[in-house]
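Chains here go by letter, A, B, C and D, matching the order in which they are written, and residues are numbered from 1 within each.
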Amino acid sequence: MIKQEICKVVSNRQIADNIFELVLSGGISAEMGQPGQFVHVKTGGGFDPLLRRPISIASINEGTFTILFRWQGRGTALLAEKIPGMSVDVLGPLGNGFPVLETKPGETAILVGGGVGVPPMYELAKQLVKNGVKVISVIGFQSAKDIFYEQELGEFGEVYVATVDGSYGQKGFVTAILNDLEADIIYACGPTPMLRAIENGNYAAKTYLSLEERMGCGIGACFACVCHTKADPKGFSYKKVCSDGPVFKAGEVVI
Amino acid sequence: MSALSIELPGLKLKNPVMPASGCFGFGREFSQFYDLSLLGAIMIKATTPEPRFGNPTPRVAETPGGMLNAIGLQNPGLKKVFNEELPWLDQFNVPIIANIAGSTENDYVTVAEQLSKAPNVSALELNISCPNVKTGGIAFGTDPEMAKGLTKKVKEVSEVPVYVKLSPNVTDIVSIAKAVENGGADGLTMINTLLGMRLDLATGQPILANKTGGLSGPSVKPVAIRMIYEVSQQVSIPIIGMGGIQSAEDVVEFFLAGASATAVGTQNFVDPFICPKIIQELPEVLAKLGVDHISELTGRSWKKNERLAYYRP
Amino acid sequence: MSALSIELPGLKLKNPVMPASGCFGFGREFSQFYDLSLLGAIMIKATTPEPRFGNPTPRVAETPGGMLNAIGLQNPGLKKVFNEELPWLDQFNVPIIANIAGSTENDYVTVAEQLSKAPNVSALELNISCPNVKTGGIAFGTDPEMAKGLTKKVKEVSEVPVYVKLSPNVTDIVSIAKAVENGGADGLTMINTLLGMRLDLATGQPILANKTGGLSGPSVKPVAIRMIYEVSQQVSIPIIGMGGIQSAEDVVEFFLAGASATAVGTQNFVDPFICPKIIQELPEVLAKLGVDHISELTGRSWKKNERLAYYRP
Amino acid sequence: MIKQEICKVVSNRQIADNIFELVLSGGISAEMGQPGQFVHVKTGGGFDPLLRRPISIASINEGTFTILFRWQGRGTALLAEKIPGMSVDVLGPLGNGFPVLETKPGETAILVGGGVGVPPMYELAKQLVKNGVKVISVIGFQSAKDIFYEQELGEFGEVYVATVDGSYGQKGFVTAILNDLEADIIYACGPTPMLRAIENGNYAAKTYLSLEERMGCGIGACFACVCHTKADPKGFSYKKVCSDGPVFKAGEVVI
């Protein structure tokens, strides 16, 4: 069930250039299950900023959960300043995440994360491995200084890293690595061009993509985050990224 | 609770707090959070004759103390609203105000005629102020004669009272208000959004795909208060006030300005429980103000120079 | 510094940042904080033929992300401005834009004729948009024909270029802008304040003694950006943009929308060092955007679809 | 000289119902000298709230200064939340305070404070006593729970307290007490009706009053805070409360 809760900051640490790992505690964590869901976070107390910020759930634990975020604008700047004991107003868990059971035990899943698309892959990898799935992570960043969670994902299987500037791992985009791998299923989250390339590349029989869109409510009420369906790309039918997604099967919606 | 009950044309409200159109869909999402029958009423999303997809995304952008939206009247169309959304809402026993929109007078008339027949639609809200569509919408709301003409046509076909939603993007809001009153409007709702824009430094382009959007949220509250203050002194039909309401105190400010009921828009996105919270807090605020019934506050800022009892938050 | 230098009718500015009229007095107070010659220009407080006391207090009220003011054009009058304030400002070697106001056309003409003769007045700013005075002011700014007529009259007597300051409280800002361009305006400044109001729950009355006031600050920025975006595409005279500027990024946003220079108002009250701070930060922001000269940004949001270099704050 | 400085919170404690005593440290304290001056405080980081808040300087020390404030709205609520180590953006010292040297050694001064008009009286009393002046403090509050600084002012001389509801000290207003006292000079700060009563009461040969007005800039530039002069009550001449005041000689301006 979706809850609104004032969570407590357990820890907050910088783990890469402008990337923070924030652990929050609260009963709301008991509502979380599916990797790829997100929380909608009120980053400040008043109306500065006014709207909540959507952030993926990176990891779910007993009584706590973890989010990873990039310091980008006013909202994430305020989150970066949080110290243990402070509180954060969280609405969630929201949306539909990655279908973990789509992968059978013994099958291989490739988890593709680009930049701040990496976070949900951690909980996903954890759950897949628990189910006996072989996990390969392919994560892409701009540059060596931006890399995070390479080791953490390494707990669950091989990890390949791509950097745009070639300062670490494979030079270029994650797709360069995907060309050389095989899997039964791909789960991906990252910038839209990356998702498009993965969809077009047909790297596996099944592909699930987590989309990003500017949001108002995060719960399906404001129609800020809709996208067309592939079946009716110019028509009236639509999906809401916040409540129908953010994860869609490749081919379901126009990205 | 009777300190909060309000009667307006077509509407018997247990309290004067309702979600504003477009900020609450058709109620389904919020029904996960609380019992919708707590609400004074529900203003449902704008309905057009045919389904609309609306504008491309991004459709929202944050601004200092507010937000811009350019949804573009996405809605499932008259048929689906009548056959599915309204019957679903029937379970809550809460008056529905149906927001109607279109590109032509005919569009409005079509939707008004049909929706006013729905058993749980208690009033219509004529949206002549949507800034996010190419044709219709705001055009009707910026010209007094067009606004009056449209109001008349809709009144002719509507089986329930008609409230006209005014646009703040005008030089003289009073003349528009008077025109629609002359056209037969039973009430006014105000304000719709202020036309605004934000540019993205990363690209140099507008953030919204539609380029401009409608500004809502706390930042517009002073404009809403000013317009309601002006209009309420010049018309004799009631006003449902909105624009930046975040608290029971804000509701009181709208009443003092001249509103007879209020609607909450953007804040539903920030705090999904905001409407029931405000409803719960209102009696205490009224007690602090020393008033027995909320309707005593309507227009108090201009009606008499009698000051209120001293108030401390 | 040459990446910031700008030439506009009558104005050679070393940078495009100036304090907005009414938010900087005649500069005396801010000269305690920094050397005023750092500024691109100074827009001095509105001047009327005779001294004015202005409105009763309270004259300001805070709003979400903004403030209301109803100063009411308090100023020491033409004679004193000409004989004392302008000569005092001469020491800073910074172009002065003299904001002129009045109740009648004659008032404007009188002030324009005289102030345009002051050796350090480089341009006039015709304030046809003050919302806080009973006569004149905004009335001239909401009617295209009146605005045009007044512009013409002032142009006839002025010895320096004339910029007309537009009111955002209009249905169609483009028609006003075109009218004053036709009237001979050399440039536009926009936006003046949005008409707003706040009520005090403690008394039930407006906080401002004048009841309504002009809304300024970050909350109005999206309205300013939208209007400059619209107007700059329809006129061929330059625009000095203002409304909620708080940072070098905001200045860039105004340029992208279509401004050729910018003014900072309310933020001077929050941070008296804001103008020199912005001037200092601008070159770095331009470097991040990959532009050599700030004027390349004017109207970039609509001039070409060429995206800017990727920008990270 | 007026400075803008990010000061550090040394301590913050509640000393009466909704009344807080905030000690700040910063080089700016070296600029402070005259009691009755004020600082203009940015209470939050962004634009919520937007404007600074004028608060009197209550006491000046080596490297620190103290302000006392009543939690009233958003700005003072944020100040009340400050804890040691946090920072506060302060502009000041502003305005012209009480003329300490108007009172000769050996003379008697009555210091009248009403509610949050009490704070500047502390530094004033300190300086007067140092100059050999006899100080009597007369302070008024709504109710017993609102009283603060009775003991602190007691360090410098007699203190009389009035409460509107009579729950402590003299019932009624400070003027009831003033009727029974004699002095060479009165210094007063408090709500406008109190100042008017003191002006009209002619309780001493010389009277100085500290005025309150809603402010924009606090430095004399915006004309938010002007008042008419008594010499020209309907004309163009004026004084600015922020930069000509907040302290005026009784009879100088229309209150």
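FYI, a contact is a pair of C-beta atoms (placed from the backbone, for glycine too) under 8 Å apart; a residue touches a chain by one contact, two chains touch by 3 or more.
What you see is a predicted model, and the numbers here were worked out from it, not measured in a lab.
Student: So which chains are sitting against subunit A and subunit C at once?
Tutor: Joint contacts, listed by label: B, D.
Student: Between subunit A and subunit B, tell me the centre distance in angstrom, where each centre is the average of that chain's C-alpha atoms.
Tutor: Centre-to-centre distance between subunit A and subunit B: 36 Å.
Student: Return the distance between the CA-based centres of subunit B and subunit C, expressed in whole Å.
Tutor: 33
Student: Mind checking the centre-to-centre distance between subunit A and subunit D? Centres are C-alpha means, answer in whole Å.
Tutor: 54
Student: Got the subunit D residues that touch at least 2 other chains?
Tutor: Subunit D, residues with two or more chain partners: 47-48.
Student: Send over the residues of subunit C in touch with two or more other chains.
Tutor: Correct list: 64-66, 217-218, 313.
Student: Specify the contact topology among the chains shown, as one of line, ring, star, complete or other.
Tutor: Chain contacts: complete, every pair touches.
Student: Quick one: which bits of subunit D touch subunit C in the complex? Just the residue numbers, please.
Tutor: For this pair, the touching residues of subunit D are 1-2, 4, 42, 47-52, 91, 213-228, 235-236, 238, 243.
Student: Quick one: in the complex, what on subunit A touches subunit D?
Tutor: Against subunit D, subunit A makes touches at 44, 46-48, 74.
Student: Enumerate the contact residues on subunit B facing subunit D in the complex.
Tutor: 64-65, 313
Student: Where on subunit B does subunit C make contact in their complex?
Tutor: 63-66, 68, 142, 169-172, 194-199, 201-206, 211-212, 215, 217-223, 225-226, 229, 244, 249, 252-253, 256-257, 289, 297, 300-301, 305-308, 310-313
Student: Mind pulling up the subunit A residues that touch subunit C in the complex?
Tutor: 47-48, 72-73
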